[in-house]
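Okay, so subunit A shows up in both of these, paired with subunit B first and subunit C after.
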Partner chain A sequence: MSLVQDTPVDAALSPFGPAVALSCRECGARYDLGAAYSCVECFGPLEVAYAFGTVTREQIEAGPASIWRYQPLLPVAPWAADEPNLAPGLTKLVDARNLAAALGVTGRLWVKDDSGNPTHSFKDRVVAVAQSAARRLGLTTIACASTGNLANAVAAAAARAGQRSVVVIPSNLEAGKTVTTATYGGTLLAVEGSYDDVNRLCSELIGEAITADWGFVNVNLRPYYAEGSKTLGYEVAEQLGWRLPQQVVVPIASGALLTKIDKGFRELVSLGLVEDAPYRVFGAQAAGCSPVAQAFDNGWDAVRPVKPDTIAKSLAIGNPADGPYALDVVRRTGGAIAAVSEEEIVEGIRLLAETEGIFAETAGGVTIATLRRLIADGRIDPTADTVVYNTGDGLKTLDAVAEHVSVTATVRPRLDEALAALVAEGSTTSEGTAS
Partner chain B sequence: MSLVQDTPVDAALSPFGPAVALSCRECGARYDLGAAYSCVECFGPLEVAYAFGTVTREQIEAGPASIWRYQPLLPVAPWAADEPNLAPGLTKLVDARNLAAALGVTGRLWVKDDSGNPTHSFKDRVVAVAQSAARRLGLTTIACASTGNLANAVAAAAARAGQRSVVVIPSNLEAGKTVTTATYGGTLLAVEGSYDDVNRLCSELIGEAITADWGFVNVNLRPYYAEGSKTLGYEVAEQLGWRLPQQVVVPIASGALLTKIDKGFRELVSLGLVEDAPYRVFGAQAAGCSPVAQAFDNGWDAVRPVKPDTIAKSLAIGNPADGPYALDVVRRTGGAIAAVSEEEIVEGIRLLAETEGIFAETAGGVTIATLRRLIADGRIDPTADTVVYNTGDGLKTLDAVAEHVSVTATVRPRLDEALAALVAEGSTTSEGTAS
Partner chain C sequence: MSVTVRIPTILRTYADGASELTVDPATQTVAGVIDALDAKAPGIGARILDDGGSLRRFVHVYIDDEDVRFLSGLDTATPERTVVSVVPAVAGG
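And then the complex of A and B:
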C-alpha cells in the first residue's frame, strides 16, 4: 500500500472503472486500489476516490436492467455485468398513494422496495460490487460478518459465481436467514455473541494466514462494498425522471447506506445528470438500538455504543462504523433521526402491507414507523415529495408479526360453516357487504 | 350469458383488449365476456377467445417492464397498467451454466425465476389479470381458493388496490404463506381439509348472495386468470431474443400453467412474433401428488384423482382441472411427465441454490429434480436448449429444507475457536485453502 498521485483513467478500459485510489475520509491520504479499509496514517476509514469521465443519461438508460447500468459511476470494470453475478438492482419505486393517504401526506410518497432483489434485500447490491473487486484483487473466497441479509447475499452470490463463501453470523438469527444461507452452501460459522462481536472477530481473522485470499466484503473490501449503496440514490433519481426527491427516509444500521445515498445524489448533481436542488435526509432506528438517534437528539458528534435489544436484527449494530458520517449528512441537509418502539415496528410492517401490498422485514417496519413519527412531530413536510426505503423482506422475519396476526376463522369444509364465518366477519368490517 | 357472434374489436380501446368472447374448450360454444367459467351447453371449461390485431416486437419492447407490455395479447384494457396493481412480471431468465454443468447439459440451460415477482411467485401474474377483469365486471371483492402462493398474491394485490379480499386456504399451510397473507389484511378463512375441499367449497359459495360481487380469481374469473400465465411463455421467448426454446420443464398443479405457456408460444408463432420451430413441453410433479404423471405413464386420456401427500404443497392438487389439457400438450409436443420423491425435491432445491444462488420453494425443487430425472432417463435431450421454470420462493417453505441443512459450527466470539472451526471445515472441503 503506497501513497499515490491522481492519474487519469479510461473508465471504459480500467479494471476498476472510474475509481483511481482509496482515500482516507479523515486525513485525505491516498492509497493504491487494494484490499484495504483503514488509513495507516490516522486509522480513518478509506473510501473510493474517482476521476469520472463524461456520463450521460442516455448511456445509463441504454445499460443493463440492474445496478450495472451505473458502471461508469462504480469501482467496477466495464465487463462486471458479464461476469457471473446475481444482477441485483433496478427494483420498483412504488407510487404509495394509499400509504400517503393513511399518513396524511399530501405530497407524493414513494416506497423504494428493495425486497425485489435476488435474495430480497439491498445487500445484493453491495455484495455484487465487492465481489467484482474481489475478482480484480485475486481474492478467491468471499466472506462477511452479517446480521443475516448479508449472509444470504454473500452465500448466494458465491454460489452463482462458483466461489467459496465464509459467512459469520450471531447464533441467534431468524430461521429465514440461517436456513436460507445454509442452503446456498459454503461455510456458515455461528458465533455466540452480538453482531459487534462477530464484526470484531472477522477483523481479527484478517491477520491470519488462513484468510490470505479471502475478501471480507464488509471489512477489507468495505470501501468497494459500501459504494454499491450509491445505486439506491441513482435509481431513485432516474426513476423519478432524473430529479432528486425532496425528502428521503433511510434505515440506519452501520450508517453506510444513508451516507452513500447522499453521496449518490451529490455525484449526480456534480456530473450534471440531475439539477441541483435541496433535499433532506432522515434516519430511522429501532429504540432498542438507537445510538445514532441518541447522538442526534443530544447534539453529539460522536456515537456512543449501545447493546442492541430489538426485533429489528438487521439494524442491530450497537457500534455503527459510519454513524458519525450519517449524523453529518442528516445535519447538513436539515433532516432528523428518530427511533421507534418494538410495537411501532410491527405496526409499521402491517401498515405498509395493508396499504401497498408490500411485506417488509423489521427494518422496513422501523423505516415506515419513523416516517409516521416524523410526520406526527412535524419534522417531515407532508406536502413535499418523499421517498422511503424498504431494504428487506418480511418473509425473513415472520416471527416478528406471527403473534400479531391470525386467520379470520377456521371451519370444516362445509358451506354452512363457511357462510356463518364469512357473515360474522363481514358484519364486523367496514368493507363487508354482509350484515 | 348468451351465445355471441365474432365481432371485431379495437384492442386499443376495448375494456378487455383483444378478447372478444368466452369460448368452451370442449364444444366451442361462445359467450359474452363475463364472470363465467363453465359451458351451459356441455359443462366444459370456458377460455378467452381473441381477435388479435397487428402486434409488433417493437410495440411490446416499448411497453412497461411488467406483464402489461403484453397487453395487446391479454384480456385486459390498454389502461390496465395505470390502475393500482403490483406490476408483476419481467422476471429474470437466468443463464444457468453451473446447473447445466452439474446435470451434464451441454446445450444451453436457463432458469425462468419467477420468485422475483412482488409476492415471490408466478401467482402475481394471474391475479393481476383477474383483478383487471374484476374491475371491468364490477366485482369489488377479490377472492380465491389457494394452496398458499395465490393467497399471498390476492391479499397483496387487493391491499394495493384498496379492495376487499377473501382468501380460503387449507388449515395446514406453511407459516410463510399464512402469516404473510394475514399481514396484508383481508379475510383469511382456513378450512380443515385439502385444497380440493377448499376449491369445492369456493364453487359452492359462488351461488350464495353474500358473494354476488365477489370475483374468485381461480373460479368464476378463471378464464381471465389463467391467461396471465401466457406471459411466462411470452417473456421467455422475448428474453431469448424472440425465439422459442427447444425444451421447457414446467411444474403441474392444476395443469393450467403448462397449457398456457404452450398457448403463449403458439400465439407468438401465429402472430409472426417468433419463427415457427418445434419445441417439447415436459411436466413435473411430486410423487406424493402425481395424477397427471400417472395418466401419462399409463397412456390414459383422463386423470384419476389422488389424495395428495407431499411437502410440495403448492402442487398438491389431487384433482387437477386442466390435467387432461396438460396431457394433450405434452403428448402433442413429444414431451414427457415425471414425478419425483420427497428426497429428490429437497435435493433439487439444494442443487439450484448451490449452483445458481436461487432458493426455490418446494415446487421449484420438484421441477429441478424432474429435469434431472428426465435427463438421466434420456427423455430430455441434454444437447438442446432448455428452459426450466421456478415458480416460487424458498423462504415460503423453509421447513422443507430446515432439517437437511445446518451451520458449519457454533463458536464463542474468540479467534482461537473461530480458527479451529474454520481449519477443520477447510480440511474437509475441496475448496478449502487450509489443511
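And then the complex of A and C:
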C-alpha cells in the first residue's frame, strides 16, 4: 500500500487531519473513518490511510513541544492540541556515552527515554491520539485492555479531560501500575486471567449494549491509537537533526510499536523530510514471552501463540497480532529479533541505571539486554549510530529489581559507625573523610 | 449434540444480528461446527476460514476459554454444550 495516496485533504480543516480512510492491511479493503478495527472481508487489521499534503520541517519545528507538532502526519484534528489532553511526547534523546563504553559501542548510542511522559510510558502518545479520535466519533467513555502502562495512560487522560474511563487489567499486575491507575480514578476491572484473556474479553465486550458509546483505545480505536507510536520515529529523526538512525532497538509486545516506528521513518522519507538512508530495525523480547523472536529464528511468517511467563509484564502478550508485521519490518531492514532471560532483564535494568541514571521498567531492561546480546552475537554493528527505546519507568516495576539491590550498610546515627561503614565499603578513604 | 457459537459483531450481519447461534454439527470438531454454522448463516464460513480451509490469520476461535491454536486447531473436539467463541485478533498492548 502506498503511503501517499488519494487527493490530499486540507489537514488544517479536516477533523481527522490528513487521514482519509481505514484500510485493511491484509486485503486492502477500504472503509470510512470510524470506530472499526477489523476487516469485514478477511478479519485483517485496519490501519489509517492518509493523503498527505506538503509538510515542512519548519512547520513541525514551530509546533507545540509535544506530539501535536506532528499533527499534519497524524489522524487528528488541527485543534487536537487545544482540547484537554496530557500533551505527551518530545521526551529526551539521551546521549548514552557511558552505556556505549560499557557495551563496547564505538558508534554513537542514544536512549530515547519515554519514561519522561506524563504517566511515565510511551502509552501516553497512543492514548492522546485515540482520545482525539474518540471525541471526533462521539465516544464519551475511553476504555482499554492493558498490561499496566496503558491503564495509567487511559485513566490519567480521562481524568484530565473529565471523561469516564474503564480500564481492564489482569489481576496479577504490579502494584506500581494498579495503585497508580486506581488513584487516577475511573473504573478499574481486574480479570483473573492473562493479558490475552483480558484482550479477548474486551473484544467481546464491544458487541454489548453497555459499551455502545465506549472507545476501547486499543480495540475499536486501535487504528488511530497505533498511529501515535509513529511519533517515536518522528521525534528521534528530528532530535538527530532530521536524519534517520542507522540502527534502532525496539521492545516487542504486540509488535505495533516497532512497525509504527518504521512507518514513521518511511513517511518522513516519502515526504522529503529526511534523506532516504538505510536503517535496520531490531526487536527485543523476554524469553518467557518470545513468540515473535521464535518465529524470526525459525523463519516463520506467522507467529505461534505462547503462554507468557516473564517479569516483563508489559511485554507479556502471548498472541501478538502485529507480530507478522514486525517480522516483515525486521527482515526487510536486515535487523534481527532476540529474546533474553529474566536474569539478563534485571542486569539490563541495572546497567542502564548505573551507566546513564535512567531507571527503566522491565521492558527497558529487555531492550538493553537485547542490545547487549545482539552486540555480543555480532548482529548489531557497534560502530554504527544506534537508538534504543526505553518505553517505561522502573518505579512501576520495583519488584523486578528489589531483591537484587539493597542499601550498602545500615548504621546508627553515629559518626564512627558511618565512617567505619564507608571505609569498609571502599567508597572513600579515611584521609578523604578527615575534613 | 448442540454447540453454542458466539458471533463477533462484525459477522452478525450473516446471522440476522444474532450474537449467538446454536448448531448441531455433523462431526463434533471445530471444523464441523464451522460447517454447521455456515449452513445456518451462509457466507460466514468463508470469513472465518481462508480459501485453503485454514483458520484465517487474524481470527481466533476459543473452545470455552482455550484458543484452539493451543489445542488441535480445526480438529479440536467440541463435545455437547461446548461454547465456541469467534473473536477477531487485536494486537493489544
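In this section, the second predicted complex is superposed on the first by the 418 of 435 C-alpha atoms of A that agree within 3 Å, B and C clash if a C-alpha of one lies under 4 Å from a C-alpha of the other, contacts with A are read in each partner's own complex, and residues count from 1 in each chain.
The rule is simple: contacts are C-beta pairs under 8 Å (C-beta built on N, C-alpha and C of every residue); 3 or more make two chains touch, one makes a residue touch a chain.
If you're wondering where the values come from, they're calculated on a predicted model, not measured in any experiment.
Looking at the shared chain after the overlay, A:Arg200 reaches both subunit B and subunit C. When the shared chain is aligned, subunit C comes close enough to touch A:Ala256, but subunit B does not.
In the superposition on chain A, A:Gly176 makes contact with subunit B only, not with subunit C.
Of the two partner chains placed around the shared chain by superposition, subunit B is the only one that A:Val191 touches, whereas subunit C remains out of contact. When the two structures are aligned on the shared chain, A:Pro320 is found in touch with subunit C, with no touch to subunit B.
Touch criterion met: A:Leu419 reaches subunit B, while subunit C stays clear of it. By the touch criterion defined above, A:Arg304 lies against subunit C but remains apart from subunit B after alignment on the C-alpha atoms of chain A. For subunit A, the partner touching the most residues, choosing from subunit B and subunit C, is B. When the two complexes are overlaid on their common chain A, residue A:Val40 makes contact with subunit C while staying clear of subunit B. By the document's definition of touching, of the two partners only subunit B reaches A:Leu86; subunit C does not. Residues 193, 197, 200, 204 of subunit A are contacted both by subunit B in one complex and by subunit C in the other. Taken in their complex, subunit B has these residues touching subunit A: 65, 84, 86-87, 92, 97-98, 116, 118-120, 140-141, 155-160, 162, 164, 166, 168-169, 171, 175-176, 178-180, 182-185, 187-193, 197-198, 200-201, 204-205, 208, 210, 212-213, 349-350, 353-359, 393-396, 398, 401-402, 405-415, 418-419, 421-423, 425-426, 429, 431-434. Partner subunit A is touched in their complex by these residues of subunit C: 6, 8-10, 12, 19, 47-48, 50, 56-60, 62, 65, 67, 69-70, 85, 87-93. Interface residues of subunit A, counted against subunit C in their complex, comprise 26, 36-45, 123, 126, 145, 147, 150, 193, 195-197, 199-200, 202-204, 206-207, 218-219, 222, 226, 253-257, 302, 304-305, 307, 317, 319-322, 324.
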